[in-house]
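Each of the next two complexes has subunit A plus one more chain, namely subunit B in the first and subunit C in the second.
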Partner chain A sequence: MKKIGTIAAAVAAVGVMAGGASAQTKLSMWYHGAGNEVESNLVNQIIDDFNASQSDWVVELESFPQASYNDSVNAAALAENLPDILDVDGPILPNWAWAGYLAPLTIDEAKLEGFLPGAVGRWNGEVYAIGLWDAACAIYARRSVLEANDIRVPSLDSPWTGEEFDSALEKLASSGEFEYALDLGMAWTGEWYPYAFGPFLQSHGGDIIDVSANMANGSLNGDAGLAFGEWWQSLFERNLVPGTDQDGADRETGFLDGKYALQWNGNWSALPPLGQFGDDMLFLPAPDFGNGPKIGAASWQFGISAISENKDGASAFIEFAIQDKYLAAFSDGIGLIPPTSESAQMSEKYRPGGALEVFFELSNDQATLRAVTPAYIVGGRVFEKALADIANGADVADTLDQAADEIDADIEANGGYM
Partner chain B sequence: MPAHKFVRLVLKYVLLAWIALIFIFPIVFMVISSFKPDLQLLRDSASLRAFLPVGDLSLENYSAAFDRAPIRLFMFNSVFITAVTVCLSLLLSSLAAFSFVFLQWFGRSVLMAVILATFIVPFETIAVPLLLIVNNLPWLGLDGFKTGWLNSYHVQIIPFIADALTIFLFVQYFRDLPTELVEAARIDGATWFQVYRRVIIPLSGPVIATAAILKFLVMYNNQLLWPIMVVQEETYRPVMLGLQYFFQLNTAWGEIMAYLTIITLPVLAFYLVLQRAFIASIASTGIKG
Partner chain C sequence: MRTERRAARRRQNRTGWAMALPACLLVFLFLITPFVMAFGLSLTNQRLISPNPTEFVGLRNYQRLLGIGFLTIDPITNDDGTIRVTDGETEYPRVRNFTRGNPDYPHLDRMREWFRLGISDDRQFVVLARDVVFIKAVRNTVLFVVVVAPVQSGIALILALLINQKLRGINVFRTIYFAPVVISMVVVSMLWRFIYDGENGILNTLLGVFSFGAIEPVSWLGNTSTALPAIMAMSVWQGVGFHMVIWLSGLQTIPQPLYEVARIEGATQWQKFRYVTWPGLRNTAILVMVIITMQAFTLYPQIEVMTRGGPLDSTQSLVFQAVVRGYEKQDIAGGSAISVLLFLFVLSISLFQRYLTRERD
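What follows is the complex of A and B.
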């Protein structure tokens, strides 16, 4: 009898414990970093800390490979199977918000003060997502090469003008020391084109889509667009840069091997040349083509799905994740730019005097969002094709007209994305 | 042997050897590169060194690849999904083909034409409707009854069991078999299923091998779009989806080559086991890939 009583008590205790556990509501979370061990460890650390910090919610992570993440989310949205928390690439955010995948965050905006502009995902006046980092592009260069060719070293306060930039490229090309003066990264297709080259168009005064007019005609193919297109094509005609047939291996090693004098690249690739060239290595700001020097902004950000039944919990997690210590940890782990000056000061590479400090400043001063509209998802792809065609000799005006028409047709087909 | 015949023979072998080299080069490149560090791999890729085991060679890419992705799990998933699909496909397709060739029933020609017409429908066009269907189908599993097939093995198997090519292969092969065998078996009192099992299938080794290899290759190599859409849990991901674990901001090319070398092994092994029957079948049916 005593034995039965003990068993009954044990069963009751297990029942109470199980009841206690079930009081925590599960929050499902999707993340694009499968295969990146460092990134996974960091995300898991934040989740573990959050789960241990309170008793209402427990976050469960599912990681996806980045290459197929967006397709997985689109399919899950069709199947009404989205998680509570998901991450979204900055330029795609307006489309996902418009399509009803994401819900606006209810986070106190005061907590977002001091964030880099690219790290806060806004659309239609609402904040939909927050990034734990941003990325930035710069012109990779070597001081010794610039000095040997009598080229001024530009600074954030005094970047090259468009003319200076062209003149520098001509000098480097005519030196005969390099296969090409500049490597733009034509071998990297996809989002690289609008992310890396769109800011050149913006600096000329155009854009892929004029968000206020909700159309591409006049913006992509206006006077500024044409000036950009002519300049872009001339880079290839003058043999200053490798074309669309660039070997991917050359993109990876060409600057390190001295094939290219300059390289247009992101902060994520900065450490190998810094290791190889040491103090000789420079990360230079984008040139100013007339409307200010500009680089791309907005990377991956955390948001809440519109069908989540646990938006309070999801919001609590995102607020928890944007603590400076985690932002700095991410930067130290994966090398991307911390989104606040406080976290930058805590980070190893972006603190004042750190090896990559300049990228934080670049991001702060020059970062420009890609057209913040649901139409960007098509606009970016059309822009990529147009740039490749122009690089390969297509007529600039005709190509940009066609591209603008295609983007506007998509906007019209989707009812203006209203 | 006359001199001109000898010269022709030598030229023939040189040409064949050259063609064989062209086909083997990508595999050699993959295997050799899997032992090289990234920077060396990229630098060697522009020269013949890419095909030579020179420089700094190690097993580090293999070790890193196993750290980056659960390769054993992905391999098991792919082999399991492929093996089950191939077995069920051979059974159902051969039964269907038997019915089309040997049984007389109303509308079989029309139905065969409809099945063949599905050849021209790319999977991408039916992927979304198929997703919506499987998402609402019931399933009774070990964990009870539930609605929706997402995140499972069966969602990656059942939609692919029957396909036009496999049925077509069996139909073509069965049509060339002597009908007297079937008639004799029927006169001796065999049921239709006995004719299928005791007469037709024992004679169908070459077409079974061909269909198995083609189905294996399609299932093993093309597991990408559909798993992206229906598998959100790592537990059920196949090798092709696993390959995407290696495309990061800075792509790990050496690890990719190591991963590809590992996942190519089952395909090579399967082909080597069945190659005689496969070649015999191609020679007899005139079907080319």
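What follows is the complex of A and C.
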């Protein structure tokens, strides 16, 4: 029955397209989510609705697997063959904007009011892309474990301080009930490192790159950076967290199995522990190391390519796509955080009283963007290696010096990314 | 008569060239052109993504890779001139005091310590490099070649000798030994990551069982001392079947009558190997060594999948660094410079091997 419905819809769609093709302009669109059926259905739904809602434009989707998406965009940019609409991962947006892949959106700023900061891709005073969702990290914990170890349950208004967090880890480790007090997710190499651990550095008062000074020296390896680095190394020296050789399977199930007392993880992994521990499960805010509690922000966002000849149409599509019903649908379908409070209210899990409501609050209160500069694309990789090396016992000051030098050399080699 | 023959030869030549043309074209397009381009790019500041124009920078990329500096440091002295000792160890000033904006040492600016030697009790000699990661990649790659080439070809030869017998079911063994070769290196690396796992890995479990728990689990890929040897062992296992087949083909070209003569003469097994088999394998040996050396120099998928160069750069390799720089860090020029250096390395070693194995009359 359902199949027949789908076929009928497809036939109808083809009919509509064939009928109206002469008057309509095609808009090509690229998306990174090939292979995920639910995600594809959601995107297709938006496209179908858009195509049906007006008669000027027809959006045609091409999906890529996430692993090869950026390569495809780079290749297409070299060949001057970019689509009209494309999606871009938040932290690399400034690089693509600088490189001339993306054109600024001409969307009315008023429509972006109330969006979470991580969902709006700004660079150089312009909005280049808008996300239909954001993601957030939290400390996964169990109330019973904290209470048994006499640890205060922190709240959004009063998160743990750095010292409190540290003493909590010590207490949990000395309880002897766990292999490790905290699982940071060292098995997840790649963008996870700067996304998840960069905010700890920002909370210490440093950053991977000081955007206003346009350099990493003094910010990554300044006093705040060194303090962060020493603390980071001490976590591994004191055996509070698993190291870089962590087993990927342990990352997935270690918290559920009770190997780890706490886990630093994102909203996308929240449902299994919630199902297992129920009311005992807590999602705690990031600790405050002195410069405010911070978590990473910005996920995939939609933008318009600079070489598009149909920027009006592309802009109209993006404006159409950021309706609250679609934001809520994405959240319900694949568990992401809706980027406006209206859509959060409509969503199943993030509405007040919903199971993951706290992540919307976390995103709203603590989300901090990764250094908004074209240099981040290299800075993030350098930072990842530095974190791994420090975790493995490399000298903190030397490693951060080297990392800062490498980032600054890259900025210089690119003429300051001006 | 003469002109006719010449015309025929010319026709033959023309056909020959026509037949070679497609292959030449492909070699030119996919081997020679990229190499010439890499060489050209390594003299510029080419980026993967950049709106800025490419500029010629001469040998700067090579200087950054190969720059080496030296520094002799004296211990920190107290106010009264005595050497300061902390926890029983003489305390030296940090190298970063000399390498970061110190006007007295401009030639060492932004260099990093590679290693240090104690010259005497109160003086240390520090070798600095502009790019320590690259130097470590060179060291690891050379070490990898030096260990893998003889071990892999040796084991392959032993396996070839073992399966070069007319026994029932010998094909089963041939298949088993050859099986890893047909599996992609990426898949093999993934599987071996589980084998080497620090807690629940098969290797640790086996060692624990056979030693009755005496051997504690080792994080094979997580220790700087075991990561590279672990990757070497896996690589030898994966590639040994391929070279076994080459050895086997060599063994089967040795004429049987030679062995019969040796048997009649009363030669021992060792003498048969030493005076019949080994001389007969001479050309095969050269081929195997050259192939293994070249393959070993391009060490990459194992590193990418298993360690990504860590821990603490103990498994960095040249090709891995070329990819990381050229692609992840968008520095096409830097990655090209590494590729060119790798080419020169492999070329000079191949020439040296040719020289060692030249025909001597």
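Things to note:
The rule is simple: the second predicted complex is superposed on the first by the 398 of 418 C-alpha atoms of A that agree within 3 Å, B and C clash if a C-alpha of one lies under 4 Å from a C-alpha of the other, contacts with A are read in each partner's own complex, and residues count from 1 in each chain.
The rule is short, and it goes like this: a residue touches a chain if its C-beta (ideal position, glycine included) is under 8 Å from a C-beta of that chain, and two chains touch if they have at least 3 such contacts.
In this text the structure is predicted, and so the values were computed from the model without any measurement.
In the superposition on chain A, contact of A:268 is made with subunit B only, not with subunit C. With both structures placed on the common chain, the touch criterion links A:52 to neither subunit B nor subunit C. Contacts of A:405 after superposition: subunit C is touched, whereas subunit B is not reached.
In the superposition on chain A, A:388 makes contact with subunit C only, not with subunit B.
When the two structures are aligned on the shared chain, A:377 is found in touch with subunit C, with no touch to subunit B. When both complexes are overlaid on chain A, the residue A:65 reaches subunit B alone and has no touch with subunit C.
By the document's definition of touching, neither partner reaches A:110: not subunit B, not subunit C. Residues 247 of subunit A are contacted both by subunit B in one complex and by subunit C in the other. Put simply, subunit A touches subunit C in their complex at residues 74, 77, 95-96, 98-100, 189, 243-245, 247, 250, 377-378, 381-382, 385, 388-389, 392-394, 397-398, 401-402, 405, 410, 413-415. The residues of subunit B lying in touch with subunit A in their complex are 38-39, 42-43, 45-46, 67-69, 128, 131-132, 135, 148, 150, 224-225, 228-230, 232-234, 241-242, 244-250.
Looking at the complex, you find that subunit C touches subunit A at residues 45, 47-52, 94-96, 100, 110, 112-113, 132, 197-200, 219, 221-222, 224, 308-313, 324, 328-331. Per the touch definition, subunit A reaches subunit B in the complex via residues 30, 34-37, 62-68, 71-72, 75-76, 78-79, 81, 247-249, 252-253, 256-257, 266, 268-269.
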